[in-house]
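A, B, C and D label the chains in the order they appear, each numbered from 1.
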Amino acid sequence: MKWLDALSENSARALARRTSRRSVLAGLGTFLLGAAAVPLLPVARGADSKPAGDASGAAAAPGTASPKADPGDPSSCDYWRHCAVDGFLCGCCGGSQSVCPPGTDMSPVTWIGTCHNPSDGKDYVISYNDCCGKSACGRCFCNRNEGDTALFQPGQSNDYNWCSGNSKANIPYHCSTARIVGTAK
Amino acid sequence: MKWLDALSENSARALARRTSRRSVLAGLGTFLLGAAAVPLLPVARGADSKPAGDASGAAAAPGTASPKADPGDPSSCDYWRHCAVDGFLCGCCGGSQSVCPPGTDMSPVTWIGTCHNPSDGKDYVISYNDCCGKSACGRCFCNRNEGDTALFQPGQSNDYNWCSGNSKANIPYHCSTARIVGTAK
Amino acid sequence: MRFRLMKPVHLVSALMACALLGGSARADLPSDSERGAQVATLAVPASKHWVWVNDFVFPHMADGMAYLIDGDTGRYLGTLSTGYSFAHVLLSRDSKLIYSPETYFSRGTRGTRTDVVTLYDAGTLKVAGEIAIPPKRSSNLPMMANAVLTDDDRFLLIYNFNPAQSVTVVDTKLRKFVREIETPGCALVYPTGPRSFFSVCGDGSLSLVALDDAGGAHQTRTQPLFNVAGDPVTEKAVRIGDIWYFVSFAGRIYPLEAGPRQAAVKPTWWLTSDAERKAGWRPGGIQQLAVNSQGPRLYAIMHRGGVETHKDPGKDVWVFDLSTRQRVQQFALKSMATSIQLSSDAHPLLYSIFIDATDLNIYDAATGKLLRSVEHVGTTPTIMVTP
Amino acid sequence: MRFRLMKPVHLVSALMACALLGGSARADLPSDSERGAQVATLAVPASKHWVWVNDFVFPHMADGMAYLIDGDTGRYLGTLSTGYSFAHVLLSRDSKLIYSPETYFSRGTRGTRTDVVTLYDAGTLKVAGEIAIPPKRSSNLPMMANAVLTDDDRFLLIYNFNPAQSVTVVDTKLRKFVREIETPGCALVYPTGPRSFFSVCGDGSLSLVALDDAGGAHQTRTQPLFNVAGDPVTEKAVRIGDIWYFVSFAGRIYPLEAGPRQAAVKPTWWLTSDAERKAGWRPGGIQQLAVNSQGPRLYAIMHRGGVETHKDPGKDVWVFDLSTRQRVQQFALKSMATSIQLSSDAHPLLYSIFIDATDLNIYDAATGKLLRSVEHVGTTPTIMVTP
């Protein structure tokens, strides 16, 4: 697993973490699950995906907002939106922090975190929709286990592969996005 | 490809070689191909394979002959029978130099070399039957490109995957044996 | 020691050699090819010192594998190819079969998904059968509790997550899928007897399930037995008899006595002293606990770190006497480990492996002495299964 | 910069936030989820400075992949998953489609074998179609000559080896398998025009094939044109116009002028001087030659070693002017390489990659200056394809 080597920040300790799948889903996620995985929130829009063709090529470029308003490198694990991500960053795989790479499908089921945007000082609800349908991207792995708990609480366990449960985004996991839902007041 | 690292004897130079598939087949091999891949020699016996169940468990142990008559370590690339092998040595994969690992099928199509047995001073015709039907064993890779030539001469190219052409030994290549056909007078 | 290649001209001599084989071979090494193709087989029952190393091959999950190693010799005995997002094999108590819940796609990583339980003959490692199951098996970091056999081996239970949660019940006698048991809010499968198991629910309660001969299920939901806030328990429980030993992120042992219709947590205890906890000692890894009924003993991979390191590997193993709950031994592993396993015999071996290094290390469990290392066992080895 | 996890109690505020989104978002960063799922697409036609890196994933051959990289920025643009024993993709001249000959088994590494040509939309990298072909495509160390398009893009030709040798003909217009052409004793496919190709036979002769609209074939067998004993040519030929440049193990260039019905070898020349050959200099690698019609130039990976090193990697690149046959440039690569490729434009980039290291290095082909490196491109990258 060559890609692992370079991803390691503190090697050994980090390794088990790297093997984890999926990051922390807030109570909201549990709610989604409770609702028989019929997402009821904006994050659910992942479900009614437009044909890939509709997405503009520009979508592949990171960040549409000005760098000032949306600071940092979306392909870096430190990027503010990645506060609860666990997986390969789509920005390194042909997508961006909000867009899936070409040819993949965005999973409608997602987990959510609350991240602080240092530029406007606001907290945002971030949904970490997976991009699915190809073998693992294998680049820019980013994971933290803070707040992670056991598989008994799917909404809060990062060991699940969330590319599940719908015909388009089938199990093969490719990478993870970090999409803004809105501000968390 | 972790396993590659430890297999390297002279690292860089060896690497391209490691990626090669199948070792040198003597003129005999071409003959086999010429005969529409209907093997006509003892090596063909691979074709009428007994059910795996028939092979005795003991078969998994290296070398049936006395260590003195059949010297060396069958899991070593230096073992005398391996003079023309290219692949993972079945002796490291649950088989031996003459027996396929459990659950694999021996390819009836094979390539042949002539190796010198240092103990009795005789030259033996060795057939390198592949064992097929599982993903790569990945252990004890052994390859030499001496005498190797282009794919234009399948009988003498080690870049082919010989786990082909029959229903039982399908394309997935697992490891290679080094079986005695007889003495080469 | 390589001779020159046979040139086409040598073909003749080769043919002669073969034709004359019977005669000329008398004083020579025996011909292998005369005996026709041969494929190795394995002793049945398997040695108690054999271990299955399961590999989910994270960078190429479509090609999951399992490897069989002889702990006494370090010899690599065989391989299984087990498909996408592979968790682990299960060994039948009669030693004759290996069960492997597997997932395949008609085009590798796309197309129609097919989930099956593949039955492998333990002696030949050939496919002995295949049972179609609902294409729902959970894809997660492999856990022993992803799939289990009931104590009488009659039913194979597989945890589903899509993301609705349920359990697939397979009848191993009839070799067919029997039914799916809905377990909303409850995860994984832990057997509690010949015909029963439980799943652990998000609120810390258990869903106790008793099965009848037809696979019919009687479900009982307990009160919350586990702390879900604060210091939750991991999924990585180990079992001796009626007791499932769960461990919390901080290292507190919850002995759970569970049966078909009731369950209770026995007095809890800690792997660590207050001082050790203050110093940051906690269990970690993917398969962080192992038990052997002799003693009985519990082994834990330990390291120092914050709560967020609860899945991190460790280099130290602490050994506890389960009858006294006292630590009776401590030793350092040869190298960092994410998983440990014990053989089930009276003179157990301890196996350790690390997901990002592929050497299997084998120790005398009684002394912690390293007996041998086996190199190049897989790509990302996860959990180990012993007979 | 991580905030505390949302506790269930925060659910409410989250719901509010969403409900109020339109209003509350005015001064905030725009919501991504409001726009629904989005999937990136690629510009069509592709930039001449994009490169496809093909990976046969030797340790897990069931999970072959291809990666698209932008040579101008080093940006990773996309991925294809391409099945067992993958060789390489082919790019349609109209830039709209990517053809990928692929092999799958119903159970990953066992079961029913299915060979297909998968058509991917070049803009979306989605499957745009699939053409069933005979399950015979050759499994070998990937070569560009494993599969080719005729110059008019009408027919896709795929080399079969099972181990009988043949060529599968696919009609790209009708999107169907047309026929199989037997090529006993002859290997691989090299296009020679709008409707023709040749295979190279074991005796050094060529099997010239001309196709009609229906895929009907007229075959011509030439006299032996290549030396098969002594210093044979490799399969790793490169083409400019009507000339295929074959290279021998020792570094002798055989310019082959080939058409539908005739072929001839033009005067040969050497990559090396007598002194350099004596010093052991020879070409090596998996994709050891690259050409650009501007100049025209030929690039070769060079190293020092015996004939048995003819597939070994090299760190040096020698550049030749094909009109003068003179070496016009030499430079060292950043690291050992098994494959090089050039972009096809007037200001070409040179790409280099090594099968056991996954960094793609990108150079200014005119100067040999390293422009950038792209890390972690695959597992065992083999050959590269440029538009």
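Please note the rule applied: a contact is a pair of C-beta atoms (placed from the backbone, for glycine too) under 8 Å apart; a residue touches a chain by one contact, two chains touch by 3 or more.
Bear in mind that the values here come from a model prediction, so they are computed numbers and not experimental data.
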Task: Among all other chains, pick the one whose mean CA position is farthest from the mean CA position of subunit C.
output: D
- request: Give the chain pair, either A-C or B-C, that is connected by more C-beta contacts.
  value: B-C
Message: So the centre of each chain is just the mean of its C-alpha atoms; given that, what is the distance between subunit B and subunit C in Å?
response: 32
Message: Between subunit B and subunit D, what distance separates the C-alpha centroids? Give it in angstrom.
response: 29
Message: What's the distance between the Cα centroids of subunit A and subunit B, rounded to whole Å?
response: 46
Of all residues in subunit C, the ones touching two or more other chains: 59-63, 81, 84, 108-110, 379
- line: Among all residues of subunit A, those touching at least two other chains are 1-3, 30, 134-135, 138, 144, 146-147, 172
- prompt: What residues of subunit A sit close enough to touch subunit C in their complex?
  reply: 1, 3-4, 12-13, 15-21, 30, 33-34, 36-37, 109, 133-136, 138, 144-155, 157, 159-165, 170-173
Field: Touch list for subunit D against partner subunit A, complex
entry: 1-11, 13-18, 20-21, 24-25, 28-43, 63, 65, 68, 76-81, 120, 123-126, 357-358, 375-376, 378-379
- prompt: Can you name the residues of subunit B that touch subunit C in the complex?
  reply: 2-3, 6, 24, 26-28, 30-31, 41-43, 45-50, 52-53, 55-57, 59-60, 64-65, 69-70, 78, 80, 83-84, 92-96, 98-106, 108, 112-118, 120, 122-125, 127, 129, 131, 134-135, 137-139, 144, 146-147, 156, 172, 174, 177, 179-185
Query: Within the complex, which stretch of subunit C touches subunit A?
result: 58-62, 84-85, 103, 105, 108-110, 113, 138-141, 143, 161-165, 185-188, 200-202, 204, 228, 232-235, 284-286, 305, 307-313, 336, 338, 354-356, 379-380, 382
- prompt: Where on subunit D is subunit C touching in the complex?
  reply: 57, 59-63, 81, 83-84, 102, 104, 106-110, 114, 116, 118, 127, 379
